[in-house]
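First the structure, which I've put down as structure tokens, then a few questions once you've had a look.
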Amino acid sequence: MKKSLVALAALAFVGVASAQSSVTLFGVVDAAYEHVSGSALAGSVNGLVQGANSSSRLGFRGTEDLGGGLNAGFWLEAGLNNDSGSGANTSANNQTSQNSGGGLTFNRRSTVSLAGNFGEIRLGRDYTPSFWNDTIFDPFGTVGVGAATNATIALGGANGIQTTVRSSNSIGYFLPGNLGGFYGQAMYAMGENSSNATAGGFDTSKNGNVMGGRIGYANGPLNVAASYSQTKIAALDNYKKANIGVSYDLGVVALMAQYNQEKLGAPGAFGAEKNTTWLLGLNAPVGPGNIVASYNRAKFDNNAVKADQYALGYVYNLSKRTALYGTYAHVKNNGTSANVTAGALAGNAGASGVIGSSNGFDLGLRHTF
Amino acid sequence: MKKSLVALAALAFVGVASAQSSVTLFGVVDAAYEHVSGSALAGSVNGLVQGANSSSRLGFRGTEDLGGGLNAGFWLEAGLNNDSGSGANTSANNQTSQNSGGGLTFNRRSTVSLAGNFGEIRLGRDYTPSFWNDTIFDPFGTVGVGAATNATIALGGANGIQTTVRSSNSIGYFLPGNLGGFYGQAMYAMGENSSNATAGGFDTSKNGNVMGGRIGYANGPLNVAASYSQTKIAALDNYKKANIGVSYDLGVVALMAQYNQEKLGAPGAFGAEKNTTWLLGLNAPVGPGNIVASYNRAKFDNNAVKADQYALGYVYNLSKRTALYGTYAHVKNNGTSANVTAGALAGNAGASGVIGSSNGFDLGLRHTF
Amino acid sequence: MKKSLVALAALAFVGVASAQSSVTLFGVVDAAYEHVSGSALAGSVNGLVQGANSSSRLGFRGTEDLGGGLNAGFWLEAGLNNDSGSGANTSANNQTSQNSGGGLTFNRRSTVSLAGNFGEIRLGRDYTPSFWNDTIFDPFGTVGVGAATNATIALGGANGIQTTVRSSNSIGYFLPGNLGGFYGQAMYAMGENSSNATAGGFDTSKNGNVMGGRIGYANGPLNVAASYSQTKIAALDNYKKANIGVSYDLGVVALMAQYNQEKLGAPGAFGAEKNTTWLLGLNAPVGPGNIVASYNRAKFDNNAVKADQYALGYVYNLSKRTALYGTYAHVKNNGTSANVTAGALAGNAGASGVIGSSNGFDLGLRHTF
């Protein structure tokens, strides 16, 4: 009886024509007290950060059963800086960032798709395939002070690469789910420049164009995947990223490892740049929660930066949807230059100029809906 | 019984007190691969665009039955650049554009209204009455490469007119729906300037004030409507727009035509400007979809620009809510100057300086929820 | 059969696991015609404003029953300029404003919380405790032409204080609801500066840090509360705000009063600044609505500004959720300088330089969902 009451509500709310269709409102609101300090930083910082366990977000998604095994769907997912209520940046052309003012954008994903036995065609802004191994094979999932990516220097200098995580104007293809554990995807995304575009003597017509793919195998306790992507950036040659990740669940503990390489070619203003990073991690159910830990190393060829990061955390589950968590991370710089830090607030402190270390911890509450 | 069930549902979800009330989440996510080229353009461009069949949007709307035939309602509808996840611009004062950063705004419509036997009073940002004939009597609905408006030069130079499609700070009145096929609306919108405002020697106190109305008759296969609006722009005199449109559905094909005139007065920095445009179009159900086609001509008096546009498309309906579509359009410049192009991405290419032509096509997927 | 299918959709919609959980979409769309004029203004202005009876907003909130008397919850609430469809500003660091472009932000509140017998811990952007007395003990609730805050000069000059209403990066604690009428809250919010931050010779490391608390007693017809907060602003010393408010409901009329003091310390660029304001107000149910009225006085020590404001309004309830309303307010400047005005649009008119008066009225429609 209770079910049928709720049923009509759905109809009223989503205004759907088909019983098999649904629209879902979903999200994560995750906030943590964060403290960062260390000799590599000019000062220490206290603050409240979003998404130190799971990136905060607000989304709307839905699917429609078209019959004959065919489905249409949409997915609109906005990043959320819930410490201040602001939204997140996106990029209109994969080359420049947009929206530093803070308005809400569906920067995390905004796609329309058609799926069937053939797999799925997806159009819009979506994750670049080579990002997935970064986050799936990191026990901290690229967020919070423990994220392996904290120990990596972003290539390309101040402008950065806009497509390491997501690409706009993309056409994606995903293999169907019934291939005996094999999965895969490919993406082509466009920078939308004119065919005669030039800048500083470089042909920039293909800038922001992205090609990438990922292939993997998941079966029982094993998951392994490899991916590659490249983004055209005329003045800096291509940005290329390749990685491989693997995880194995022993029951008492899940182990994971990843290896990652990023390159930016020679003709650029910054000279050739190269990042090599690898990680070992684990996730072990203990009591009503999970211990997560990782060790990762990042090497930045350009100016001999090397960094080791150790991270340890505990996630205490209050329910399937809600958790308290604590994470501690330590980054040790070993090279002749120190650029790498721990935690989102480390940027507020700035670099001390000392080839030292930095530390951070998060104490947070994550709620999923 | 059924009503009370819904009431509870509504209560749980929207927190409403009345059984007759509802809140609806709605939207369109439409993405298309677009290619534009031609001798009038400096180059060609490939990209992904939003809304080439129906403008992408995300909205929230609701009504409340107040009893005695009276209803209250709200409507919040945001434009969506789902190729990148960004939002769309609006205007706070009908004079300048806002939000180039890309945050979500309810730019498409944000109104609160009271409706009854007397008609409807609507307050907020809404469509300028004279826009409706542009889109209703265009088989391509002013979107995608086939939109008749692609062949029109925007009056007023770089700043443009902010009220051609919608006006902020508006008070609207709509006739009730029971007038035997007659319909109509009027709008007054305010620029919110001080009564003593001046700029460059002009009285600008009324800038951004909009007055407009539309009246029509729809009965059986026939629909005909005329509209007029003006926006006060001191330095450019008033912007005035008048148009008439008609459609007739023969069953095997629906035919439509429109005639449109826009003027900007003499005292302005650009001299007097005038656009005259007309269109012939059709929409014919063929197989599981519709063929849509139009021919339209635009004449811009100022610098002797004339353009002819031909557009042809097919919309293949996968369901009532979801469609695949393809559109091709060709714009031919005939005057002594060429400024008009096909498709949203043509701006990325820029003008070649040749009085030539431009072409574009869209291949897309549209999903409504 | 159909019912059970839809039932699943509802489950899918709110994504809840527990029958005690819910997600609620809520909001207010309130629009009013406003006119401001008077000898203190350089001109008069007509316009449409948002939220002259209740601030317009769109929000998403939810709770989850964690068992054992514990609840998790989230609250995302965005301010809405529904006259143009734009969003509102927030502040990332309690020191500078963000998002003048107009994109939607959850500036009003964006929190995640854990509540139980101990009270509630709340993390994110939330109201500064000392704001509540301003609005709860003002019959016009700090909105529209009648808001007592219209007669107050904002301290701190052009940059203003970003934390008078809300603070980002906050950790809040709320007493539980079962203390026999006593209620209270405390907040600590962070500016997130580096511990070595300086600017212009001042230590700015604690800038934007907020501490505040509020304690009150509500029982039967009586409600009384006192609060204090301070925000660290190095160059301007601390911003301090203390107030007390009381209301008593006699049945035929509810009476209320408040007293408010704000200070900005000596070392600042503006010299010491001080505001002292008090208010007497009433709210009386008359016919199908309420008469609201207030008299308030504001004194700004710095340049001898004194202002008296009288405001009178009627709210005609069409339902519990929907109302028509009208408000008139008159501000009389008495000091040696005039800076204070009535209504949101008064800023568009600017000051006349005359130590005179200003008037405003709102005629509006408010709809809650």
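A, B and C are the chain letters, set down in written order, and residue numbers restart from 1 in every chain.
Heads up, the rule we're going with is that a residue touches a chain if its C-beta (ideal position, glycine included) is under 8 Å from a C-beta of that chain, and two chains touch if they have at least 3 such contacts.
None of these values were measured; they are calculated from a predicted model.
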Interface residue overlap between copies chain A and chain B, same or different (over half shared): different
Copy-to-copy rotation for chain A and chain C - C-alpha atoms, rounded to a multiple of 5°: 120
Between chain A and chain B, centroid-to-centroid distance (C-alpha), Å: 36
Chain A: positions in contact with at least two other chains: 4, 6-10, 13-14, 16, 21, 23, 25, 87, 99, 101-105
Residue ranges of chain B touching chain C (in the complex, touch as defined): 9, 12-18, 21, 23, 25, 60, 62, 64, 66-67, 70, 72-74, 76, 78, 87, 90-93, 98-114, 121, 123-125, 168-171, 189-190, 192-197, 205
In the complex with chain C, residue positions of chain A that touch it: 2-4, 6-11, 13-14, 16, 19-27, 29-33, 41-48, 58, 80-87, 99, 101-105, 318-322, 324, 345, 348-350, 364-367, 369
